[in-house]
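Chain IDs A, B, C and D follow the sequence of writing; residue 1 opens each chain.
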Amino acid sequence: MSTLIDRPTQGAPVTPKRSLRSRLTPNLETLPTLAAVVIFIGMVIYGEIAYGRIVQFSTISNLLINNSYLIILAVGLTFVILTGGVDLSVGAVIAISSLVGVMLANAGWNPGVVMVLMILIGSAFGIASGVLVQYFNVQPFIATLAMMFLARGLASMLSTTPERLDDDSPIRALSTEWKVVDGPKINDLITTPNVLIAALVVIVAFFVLHRTRLGRTVYAIGGSEQSALLMGLPVVRTKLLVYVISGTLAGLAAVVYTSKLGIAQNITGVGWELDAIAAVIIGGTLLTGGAGFVLGSVIGALVLGLMNVLITRDGSIPPEATTIITGGILLVFVLLQRLVVSRKRKT
Amino acid sequence: MSAASPAPASGPGSASGPSSARRIVGAVIHQPYIWAIVALLLLLIINLVKDPSYLGVSVNATTGNLSGNVIDILRASAPIMMIAIGMTLVIATRGIDLSVGSVMAVSGAVSMEFMNNSGGGDAGTAIMAAALALGISAVLGTVNGVLVSVVGLQPFITTLITMLAGRGLAKVITSGQNTSATNEPFRWLANGTVFGFPVIFVIGAVIVAIVAILVRRTALGLMIESIGINPRAARMAGIRPIGILISVYIVSAVLAGIAGIFSTASVMTVEVAKTGLNAEMDAILAVVIGGTSLAGGKFSLTGSVIGALLIATLDKTIVFLSIPSSATPAFKAIVIVVICLLQSQRVRALFARRRSRTTPSAPVPTRKETVSA
Amino acid sequence: SGGSDAEGGGSAEGDVTTIGFVAVGPEGGWRTANEKNIQDSFSKENGFDLKYAPATNGDQNSQITAFTSFIDEGVDAILLSATEATGWESVLERAKEAEIPVVLLDRGIEPNDTELYTSRIAPDNVGISASAAEWANEQFPEGANYVVLEGPPGLSVVNDRNKGWDETIDPNFTKLESQSANWSTEEAKSVFETILKANNNNVQLVFAQNDEMGLGAALAVEEAGLKPGTDVKIITIDGTKAALEALAAGRLSFVAEYNPLFGDTAIEVVDAALAGETVESEIVVPSVTFDSPEAATEALPDRAF
Amino acid sequence: MAPTEPIVEMEDISIEFPGVKALQNVRFRLFPGEVHTLMGENGAGKSTLIKALTGVYKIDSGTITVAGGPRSFSGTADAQNAGISTVYQEVNLCDNLTVGENVMLGHEIRGPFGINWKKTHEAAHEALVSLGLGDLDPQQPLSSISLALQQLVAISRAMVTNSKVLILDEPTSSLDANEVEGLFQVMRRLRDQGVAILFVSHFLDQVYAISDRLTVLRNGEFVGEYMTPELNRTELISKMIGKDYGTLAALGSNRGRVAATEGTPAFYKATDLGRKGSIEPVDIEVHAGEVVGLAGLLGSGRTELGRLIYGADRPDSGEVTIDGVTSEVHSPIAGLSKKIAFSTENRRDEGIIGDLTVRENLILAVQARRGWARPLSRREQNELCEKYLLELNVRPSDPERPIKNLSGGNQQKVLLGRWLATKPELIVLDEPTRGIDVGAKAEIQEAIAALAEDGMSVVFISSELEEVVRLSERIVVLKDHRKIGEIVNGPDVTADTIVDLIATEGSAS
C-alpha cells in the first residue's frame, strides 16, 4: 500500500563533510570557556601594564586565597546549572553552617566533628532543595529561594552578633599560610590548605562530570530531562544529587571561609549566590543547562576576583560605577556566548 | 478585595442568578491560589488572637482618614502588587524579571532628583516627575525586552545585568546620595486617601484592573500563554513573539516604576541602596504563591494579587507579633514551602486518593513535566 | 617577574604618598559625608594619591580583597573603615609584615589588638548612645515606653549603640520592642506604624540608631495622627542636615551627632606614622548633641553634611 | 515457533486519564523469539500500553507478569534492568551530546579511571554498524544529523544492552525503505536469538513483512490477538476501525484533473526562491485548486522549501507573486495575511501548544491574523470548534481538553483544523499523514482532495510516494536541496517514475 523512497544505495549520506563538522563543533562548544581564559589573560596583561604588580607571587597567591570559597561554590553551582536548575541558597547556607560550626567549636566540640557537621548542614539544605524540586515539582528557583530564606532566617535567629572562633581553634589551621617561594618582603608565593581543598574539589568535579555516568547523566538532563528519563537514566537520583553536591560544597565553602576569617555571622554571604552564578556563566556554562565546563567556572571566579583587584588598583572608580561595571562585563560575556551559539546553529 | 481582576475562566458577564455565587466559590476552590487564601486567613486569625481588635478600622480623629491594620496592609501591598502583576506577565512568557527592584530605585531616584532640583511643590511638578520616572523605567524595560527577544539572551541573566546596572544608575542619578524632596501632591499618592481609602491602594487596584482587562479581554493573554508554553509553535501560528516580549518587559518595568514611586512617595526620600532591595524576590514569591508556574504558560493575575496581599500581611504580622524582623525570611520560607507542597501533584494525588476511598475517582498518573529554570 | 621593592610604587615619584582607602561605600547620609571628607582631605594638593575602594553591598570579603590588593600593590598607608569588626587579624598581620601602617577609621576591630594597627580615629559609639540615653532619663524621670529601631542586626555599630543605650537607660523604662529597620526610612515607617498599632499608640519614646530611621518613625507618628515631639519623642544618631532640619521643625526631639569630619586628624596620623613617630592608638573624635530646635537652627547654616 | 511461556503477560490492564479511559481491561502477551505488532488507530492506546508496561504510567488495575513473576516497574530505568529496552514513539535523545554519547548513555564502558571514552566510542560504533550506520561518526553532535538518523540512533541504543524484550513504538515513521529494511534485518536477527520484540507501526506492508503475531486495540479496548498470516489486510483494517474497509477503497485520485489548470495564471508563483545553507533557488508555481506534491529523499529540502513559501524562514533570494501581486513573505504572520497556511511536520515542537485547550489551539492562527486587539468572541470560537472538530472527526471532540492529552493523530487533525479555519488559499502540508493510522490517513487525504476541489491550492509533502502520486497534479522533485525536475501527473506516472528521476539525476551529477 505504501512505497517509501529508496535511497540510492551508494549515495552515502555526506559523511565526510559531517566528520569535518564534528571535529569543529566541540571547539565551538568550548569557545565561550576559551574566551573567558583569553579575557582573563587580557585582564592580567592590562592590569600589569596599567597598574603594575599584578604578575607577582603575592597578588596571584592572594587571588587564589581570597577566592577559594567562590571557586568551591561555583563548582557546586556548575553541577546544578548543567542540569538546567539553579541554587540560590548557597550564600545563606554558608551563614548558617559557619554560625553553627563556630558556636559548636567554641562550646568545646571536637573540631573534626564540627567541620564534618558544617559540611553536612550544607548537604541537608541541598537534600531539602532536591526533594522539593524532584519529588514535589517545585521549580528550582523557588525551592532554593525558600532554602535561602530559611537558612538566612534561622541564622538570624541563632545569633545576630559575630561569633568568633577561638584563637587556638584547629579549624583556623586550614588557613595556615605556607610559603612555597619566599620572595622579597611580602612578595611570597603562598598557599593555604584552603586553596588546596578548592583545587581538589575542582579536580574531583572534573572527573565526576567527564568520567562517570553520574556526570554524563547531569549533561543529559540538561539536554532534555524528558529524554533522559525515557532513556532509562537515573534522573531522579541525579537531580537530587546535584542539589546535594551544591549544598555540600556550600558547607565546605563555609568551612573554608570560616577558617580564613575566624568568624561567623548571620549576614555572611549575602549575594554570593549571584557571584557564583555569574562565575559559572562567565566560564561558559549555559544557564539552560547541558553545556559547560567546571574549569570554565574556576576561570569565571578568577575573572570576578581579578576584576575586584583591578577596580581597587585603579582607586578612582566611583562606588556607583562598580555594579555597572560588573553588569557590563557579564553582558559582554553572555553576548559572546550568544554569538557562538548562533554561529553554531548556522553551520 | 480583588474584584478588579476577573477570574480567567469565568467572565463576570456570564455569571448570573443565585447559583452564580456558588459557582464562583466552586471555581475558586479549584484554583491553585486557594491555599494562599487559606494562609492569608490563618495569618489574620493569628493576629486576631493576639489582638481581638486587629481587623478594626476606625476613622482617625486628627487626620480624618480610615486607619487600622487592614488599611496598613493594603497600603503595604500596593507596591508588591504592582511588581507582581508585571512579573506574572513576564513569567508567563517563560521569562523572569530580576531587575524590578533596581527599576524601583531608578524611578524613585529620578522623581526625587527632579522634584528636588525643580523645587516646585505643585501637582504639575509631581506629574512631570512621575512621567519622567516612568519614561526611564520604560527605557530599562525596553533594554530587557530587546536583549531577551531580539538578541536572544536568557531572561535570568539579562535582568540580572539590568539589576546590577540599574542599581548603579540610581546611584549615579543622585550622585550616591539619599535624596529627599517636598511635594505635597506626590506625597499624597502614597499617604493620602480618597473616600477614606488609601490612594495608593486605589491606584494599585485600578492599574491591576486595567492590566487584567488588557490581557483578558483581548487576545494578549492567549498569545502570552502560547509564547510561554511553546515559543516556536506560537511563532509558526502567526504570533509575533518579539513585539509581545518587548511589551511585556516594558509593562513589567513601568509597573516597577510605579512601585518605585509608591515606595519613595511614602517617605519622600529615595534611599539608593535600599529602595526596592530584594523586591524582585517578593514579586516572584507572590506570583508563585498565586499559582503561576515559573515554567511559563498559564497565568493568574488574581493569584498574584492574592500572593502580594499574603506577603504584605506576613511582613506586617511578623512586626505585629514582635518577632525580630530579621527572622522574616524564615517565615516566608515556611509559607512558600507549604504552599508549593500543597500545590504539587504528589500531594494533591494523596488528597485525591484519600477522598477516593469514599467516592471512586481517578487516581492521578505520575506524569513528569519538563521543568526549566 | 614578581620581584619589586616597596618603594617602587607610590612614593617613587617623590612627594606623592599613595593611600589605600578600604571604605564602606554609599550607605546613608553620614557615610557619604564621612567618605567624601576623607577623599577631600587626602587630595592631590595635599600630596596624596588616595585610592578609594568601597565594599560591594557591605560585604566584608570584598573589603579583605581590597585590603590585600593594597598590600600587594605596596601603598604607603592604608585607611580602613571596616564593615565588620572581627576577622581582620590575618590581613592586618600581613600589612604589618609589609610595613604598611594601617589607620582604622570609624569602626574598630575585634579583638582590639593595638599591635596590629597604628591608630583608630572614631567617634565613640557607646558614649554617644549613652548620652542619648542620659537625655531620655532626664526627659522621663518616671520612665516611659520606648522602642528601639536598630540597623541590620549583627553589625558591630548596632551592637555598640545598643550597648551604650542599654547600660545607661534607667530601669524604670519599658522597652516595648527592638526591631530592625535596616537603616532605612521606608522600612522604619512601615515597621513603626505597625508597632504603634500593636501597642495602641502607647509609645512615648523612640531610639532610632540613625537619622534615616528616625525620620521614618516621625512620618509614621504623623500618619497615626499623633504629634512627634509631643506625643512621641524621637532620638536619632548621626546628625545629618536632614535630621537637624527635622529637629528644628520639632519633628525630632534629640539628635546626637556622630561626627564624620575627621579627615584632617587622619592626615596628621598618617603623616606621623610615615615619619616613624608613635601615634596614640585611640583617637576619639569629639561629637556634640542637639537637644532643642534652637540648637539645631543655630547649627544648621554651617552644617557640612 | 511460540514457546509455551510468554515473557511478558499483561492482564486486565486499565488506565484512566482525566476524562479518557485510555485502556480498559486490555490483555497482551509477548513470547520470546517473536515479533508482535500492536495495531490500532490513533489514540487506540498503543503507546499508553507500552508506557504502562515500562512503568512510565501507573496502571489503575490489572497485573503485569514478566518472566513468570508479577512485576511493576517504576520507570524506564527499572524496566531496563529487568531486560526490557524501549524506544518510545517520539525521538528521545539529548541533542547537546554526541551521537556516540547518546547511544551509550547509561552504558558507558568504565575502566580504572572512570569512563573509558575510547572503548565507549568503539562500542557505540558497533551498535551503529549493526543498524547500517557504520559511516556515522560517533563523535559528531546529535544535533547535526537529520531526524531520520536520530530515530535510528535511538534504536541503536537498544542494541547496546542484551535485552530479552525490545519495544519499538513507531520506529519507522520517518525512515526510508532502505533504512526500514536494515532495521528489519536486525529485528529478525534478534528474534532468532530469542528476543521478544514488540513493534508498533501504521504501515501495513511493514506489519505483514515483519510480524508473527498481532494484537489489535480499538478505543482503548482489546479486540483480539491473531497470528499475522491468518488475518488478511481487509479484516485487519476492519478490526482496527470497527467498520468496513469501503471508505478507504472508495478514495479516488486527482489524476484526472491535471489539464484544468494549464494556461491560467498561477495563484502562487516564486522565481529563484532560496535561502543560503538551506535550499538553492527554486522556481515553483501553484494554481488555484491544484495540488502540487514535493517529492524527494529524506533531507532533500522539502521542508525547507515549504517553510520558505510560508515565511517560517526568511528567504534571501527570489521574487514571489501571489494572485498576481508581488509580495514579500518573510515571517509566518506575513504568510498568514497573504492567506498561506503551513502545517508542520514537527508537531510536538512547532505545532501544538500543549497546555492550551483544543479550542485555543484551533483558533490560534485565526486570532493571530486578526491581531491581539480584536479577540474572537466566545461564540465565534465555539462555532469554529464545532465545525472543524466534527469535519475532521477529532476524538475526543471535547474542545476544552488540553491538546497534549490527545493522541498524536488527533493532535494532527486539530492542527489541520487550525489552518483550515484561517480559510487559506494556499496550504502547505508537510507530512500531514505521518504517524497516522489508516483510517485517519484516508480521512485526511479525502479532506485534501476536497479542499482542492473547492479551489484551494495545496503544496503537499510526504515521504510516501504513492500518496504523493495519488493526490498531486504536479510533482516537484527535490534532491540535495535543489529542484531537479517537475513531473506532470498522469496515468503512466507511478512512484517509480519519481524514484528513477532521482536516481538518474544522482548518477548524472
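Throughout what follows, a residue touches a chain if its C-beta (ideal position, glycine included) is under 8 Å from a C-beta of that chain, and two chains touch if they have at least 3 such contacts.
The UniProt protein names, listed by chain, are A = Sugar ABC transporter permease; B = ABC transporter permease; D = Sugar ABC transporter ATP-binding protein.
Given the structure is predicted, the values throughout are model-derived calculations rather than measurements.
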item	value
Of A-C and B-D, whichever chain pair has more C-beta contact pairs	A-C
Inter-chain centre distance, chain A versus chain C - centres from mean C-alpha coordinates, in Å	35
For chain B (ABC transporter permease) paired with chain D, centre-to-centre distance based on mean C-alpha positions, whole Å	44
Between chain C and chain D, centroid-to-centroid distance (C-alpha), Å	72
Rounded Å distance, chain A centre to chain B (ABC transporter permease) centre (Cα mean)	31
Shared-contact residues (touching 2 or more other chains) in chain B (ABC transporter permease)	171, 176, 272, 324, 326
Residue numbers of chain A (touch at least two other chains)	156, 160, 224, 226, 229, 266, 319-320, 322-323
Full enumeration of touching chain pairs	A-B, A-C, A-D, B-C, B-D
Chain A to chain B (ABC transporter permease) touching residues, read off their complex	84-86, 132-133, 135-143, 145-150, 152-154, 156-157, 160, 224-226, 229, 266, 274, 277-278, 281, 287-289, 318-324, 326-328, 330-331, 334-335, 338, 342
Residue numbers on chain A that touch chain C, as the complex places them	51-53, 55-59, 62, 65-66, 69, 156, 159-162, 164, 175, 183-187, 189, 257, 260-263, 265-268, 270-272, 305, 308-309, 311-316, 319-320, 322-323
Chain D-facing residues of chain B (ABC transporter permease), complex	217-220, 222-223, 225-226, 229-230, 232-240, 244, 297-298, 362-363, 365-367
Chain D residues touching chain B (ABC transporter permease) - in the complex, by the definition given at the top	15-18, 57-58, 60, 312, 331-333, 335-336, 342, 344, 349-356, 360, 364-365, 367-376, 418
Residues of chain C touching chain B (ABC transporter permease) in the complex	26-29, 32, 152-154, 177-187, 189-191, 193-195, 197-198, 212, 215-216, 219, 223-226, 242
